[in-house]
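Same chain, two partners: chain A is paired with chain B first, then with chain C.
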Partner chain A sequence: MLFPLGYAFWLSLFDYDLGSGSHAFIAFGNYTDLLSDSRFWASLNRTVGIVLAAVGLEFCLGLAIAYGLYRLTFAVRVLNLLMFLPNIVTPVVAALFLRWIFMGRWGLIAGTLISLGIFPPDFLGDPAWARVAVVLADSWQFTPFMILVLYAGLNTVDQSQIEAAQIDGAGPLTLLFRIMLPAIRPLIVFVLAIRLMDAFRFFDTIYVLTAGGPGTATETITLYTYALAFRLLQVGKASALGVLTLLFVAVLVAVMIRVVYRREKGAF
Partner chain B sequence: MINRRRLLQAAIAAPAIIGAPARSAGTIQMISHRYPALEYYAEKMRTAIPGVAVNTQLMPIDKAIELATIALSAKADTPDIVYASDTTFQTFVKNGWFRPLDDLWARYADEFALADFPQAALDTYRYDGHLYVMPHTLNTMMFFYRKDLLDQAGKSPPVTIAGYRDLAKSLNSPLRSGSINCLKPVDAAVNETHWYLNALGDGWFDADWHPTFNTPKSVAAIEMLKDVTGSAQQGFTTAANDECAIAYQQDTGVMGLQWATRAKAMDDPAKSRIIGKIDWTAPPQGHARISGDGYAISAFSKQDPAVLFRIIATSASQASMKGAASLLIPPRKSVLDDPSLREANRFYPAALASYETGTPAPKLPEFNAIGEFVTRRILQAVTGESTVKVALDAAAAETETFLKGHGYYKG
Partner chain C sequence: MHRRWFTQMPLFLALAGFTAINLTPIIWGFLISLKQPVDAFAVPPKLIFTPTLEFHYQVWVEKAFWHFLINSAIISVSTVIVSVSVGTMAAYGLSRLSNRTSRGLLFGLLAMRMFPHILLAIPFFLLAKTLGLINTYPAMVLALVAVNQPFTIWLMRGFFVDVPHELYEAAEIDGCNAWQVFARVALPVVRPGLWVTALFSLLLAYNEFLFALVLTGPDTKTLPVAIAEYGGEDINYWSLSAAAAIGIMLPIVLFMMALQRHLVRGLALGAVKG
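== the complex of A and B ==
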């Protein structure tokens, strides 16, 4: 693990450009270039937006479904298994399915609606809809992971606490928000941290669905890294962006853990 | 007598004995862009030399360029024969990734009648006086239009881009778009932008490689592109040549710019619903992109260059090109001048007229890389995320920074 990381950091200190053939040591020049690059900040903002929307949606849906499963008294195992299927499909394959669903004119949604006389928006060609499609695609694939972890967490809550609350007249929602969620808070932080780290590396699905477009509407930081390395051939700068992404995610997760740790000492 | 020492010697020698001939006769790897004409050539390469296996990997152009870039930048010896266009070959040659063909060209000139290639076609693929690519197609963007629909409406093909915009608007409907535009970055969007910038604007660059695509005339040209896309098909921002060709074939659009190599597929009964209904003409106001496809030999290939050259030359032989003439404009004088082929391929007159009025891409090795950020900015403008002026100014600033980093503008 350390070698590729160290090599990426080493490359990030060079003006290593396959197009110009240059390979000069420039220390932190790539970092200062990136920090003054509007495309970097735009892609970072976009990444944060897409990640928060996707992970937020996944958490809310995951919690709702996990709680539904928790309260269900039959077919829980079968439903759990079926709902987990999107998560085991290879992301590129899943993205190809989704592309055929969202594609304008020929796609499953557009084709169905057009056959009913309704002309839908261009889901992958309109900037706003393209972002929505990307968020929905990620949610479709990773909500099952949330369901699985949260369902397992809900099952660990002390039954005596739940029964005591029920005797006191707590309804299903009070039970969930007042008793169960506080009890599994460390698990929630864990699953959110895992998903945030993962979502920041979000690449394959967007690459297949929109390739970062239209324009730069869905260009996340990983797609910008890819463009720098393989289209503009600026390997040094792309490595610097990779290192910056790692630092950003590390800081984000550290802050999350710190906040929870301060609130509930001993959680980690 | 078999003893432990002899077994050990045999074990050490075996890989050398078995492996050496296996390596020298190993499968030749070819990476290429994919469309019907190139699929035909790939088939010819696979059967070019009996007993020599050629594995052809065909994919959309952006993927082919990316794969070749990744492999060749790592000095990998896996691709032996690599697809090249008039723009990509410059980048690859500048980086030292292609082998010059001059010696092989001279050695096999008679065997493959190589003098039959027009000098202009060869000059396209020369860099610092050396030839790097054997041309397989001459390509030009033509104006495709639905003759039946224009006849019904009592209209003629447009002669100006403004006329095209107005006609597209008048024929636009939810089920059939007035215009078919292909604006997927990078290659497809560059092609379409090229036409507007050269026909209506000030082109891409001045003589010192400073951008001219953000001058007032060029801004107006891209505004016109944006206006035209008001009548474009759904998904035009992610449509490349394949998607646009399908849009014509499936009767979901009326007219637009497309490569000549897609013309024949319009009359293919297995793929098209509009057989005989499409006609072609030179693009209004000319200056659409002219280009070509060919194949080069990787500088890092471990295969015998003579074998690789013979494979490429066999696929581009006179006989092979005659067979492919319905799919492309052949870059051999003997095939181009064949009257029977001109008669059999009804798109030839429009293709030749388009070629005569066309404009090649700038001779800049960095052109593909620059296309990456210029087309993304233009799409920001076309989709309303930015104004055209702001987008083009940003692209120009990025271009100048990029070219400066590559040693331009010194002094």
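== the complex of A and C ==
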């Protein structure tokens, strides 16, 4: 595990082009190249935007549903099982399913709208809509995961605390925000951290859904790296980009863990 | 009683509605796989049509998707065998180390979990190329084991930590050596955990796309890569690729139905304990 990583870092110091066969040591040339590359900054921006929107949506929706399941007294297991399905479907297959939903003109949404007499935008062909589609696609796959984890977390909250609050006259919402959420805060941070890390390397679905297009409207960092390495064959530069992504995510997660650590010791 | 129904029913309907929306893409995909292309892209979307299994037959038999299924099976099963056995031993070792030492190692493992896979795909590709392993099973299995390892160790450790220490001490007093303590005492206790870990490794290996895209060739192509090549671009292929998609999904769904209780518990456990 460490060896490939070291090798990747080593590669990132070379002007290594599989196409032309050049292989020269240029120290941090790739990095300075990337930092002045507008396509890099654009893809980083997009990635952050997509990740934040998707993880935010997943968390809010996931929390609402998990709390609903928690309050529900019957049919919980069946619903849970059915809801979980999108999460285990092969991502590539999931992306295909979503393509058939979002596809302009022939997709399910577009087709339904047209038959209602509304002319829909091309969901995958329009830059703004394509981004929305990508966010929805990620949410579709990973909200179930959030639901599951949060639901399990809610069930671990001390029952006597809840009863005490209920006797004091707390309604369902006060109960959720004042008692239950603070109790599972470490879990929340943990699951958010996991989702952030995973969302950053989100690849399969975008690759199949839009392949980064239209143009570069949905090209995330991972897709840019892939394009650099396996389309343009600039292995050195792609490695440098990978290392930068790793650093970025590492800093993000480190900050999150630090914040939790300071607030309450022993969360991890 | 009345009041309870009053609050429970809307809640149930709302959640059921969400579930229904959630399942729509899968159901729609299933319907497409049973349609003639003409019906598949009719506007307005058709709900009533004559179903046909023609495309399921075409894609699996005539387009030789069974071959990719075999590839997928070989690769995922080998990955599970290697990564679960290695992961179990490593997790057992970690669980018996002092808290201080193991904490550092665990943080290291967590850090590995956040590596962008694309960063690893490049060195894997170059290594496999120099060693002549592109388009072979070992390259794919090794790559999958490498990325899967932190997760298996992490999950298995959660199960080992639950084993009471007295059990080990008793075994040692009875004269077991280190290996026997592991194989005869610890392993049987965590057997349910073993299944959960194996199941998740299987899912990961079966679903993996990026490495498969880079490391496999015509002979070892896995199902996700094969279907991605069909794409959704050409409308005439919709029915075909929908049939393939449903076929790829089927084993997972069956697995999940069968092992439902383990799966949910394992995921919750792995995440809650973190």
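Going forward, the second predicted complex is superposed on the first by the 268 of 268 C-alpha atoms of A that agree within 3 Å, B and C clash if a C-alpha of one lies under 4 Å from a C-alpha of the other, contacts with A are read in each partner's own complex, and residues count from 1 in each chain.
The rule we apply is simple: contacts are C-beta pairs under 8 Å (C-beta built on N, C-alpha and C of every residue); 3 or more make two chains touch, one makes a residue touch a chain.
Being a predicted model, the structure only gives us computed values, none of them experimental.
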After superposition on the shared chain, which partner residues are touched by A:L247: those of chain B (first), chain C (second), both, or neither?
neither
Contacts for A:P144 in the overlay, against chain B (first) and chain C (second): which applies, first, second, both or neither? second
- Task: In the overlay, answer first, second, both or neither for which of chain B and chain C A:C60 touches.
- Result: neither
Winner on chain A touched-residue count between chain B and chain C: chain C
Would you check which partner chain A:D122 touches, where first means chain B only, second means chain C only, and both and neither mean what they say?
-> first
Which of chain B and chain C A:A8 touches, first, second, both or neither:
second
- prompt: Of the partners chain B and chain C, which touch A:A227 in the superposed model: first, second, both, neither?
  reply: first
When the two structures are overlaid on chain A, which partner does A:V255 contact: first (chain B), second (chain C), both, or neither? neither
Taking the superposition as given, does A:M103 touch the first partner, chain B, the second, chain C, both, or neither?
both
Checklist entry - Does the superposition put A:L79 against chain B (first), chain C (second), both, or neither? => result second
Both chain B and chain C touch chain A at residues 103, 105-106, 114, 230
Contacts from chain A onto chain B in the complex sit at residues 15, 17-22, 38-39, 103-106, 110, 114, 119, 122, 124-127, 210-217, 219, 227, 230-233
Chain B residues touching chain A in their complex are 66, 69-70, 73, 91, 94-95, 174-175, 183-186, 233-238, 247, 252, 365-366, 368-369, 372-373, 376-386, 394, 398, 402, 405-407
Chain C contacts chain A in the complex at 4, 7-8, 11-12, 14-16, 18-19, 22-26, 28-29, 32, 40-45, 111-127, 146, 149-150, 203, 206-207, 209-210, 214, 223-225, 227-228, 231-232, 235, 238, 241-242, 245, 248-249, 252-253, 256-257, 260, 264, 267-268, 271-272, 274
Per the touch rule, the chain A residues reaching chain C in their complex are 1, 4-5, 7-8, 11, 65, 68-69, 71-75, 79-86, 88-94, 96-101, 103, 105-106, 108, 111-112, 114-115, 140, 143-145, 148-149, 151-153, 156, 187, 190-191, 194, 197, 200-201, 203-204, 207-208, 221-222, 225-226, 229-230, 235, 238-239, 242-243, 245-246, 249-250, 253, 268
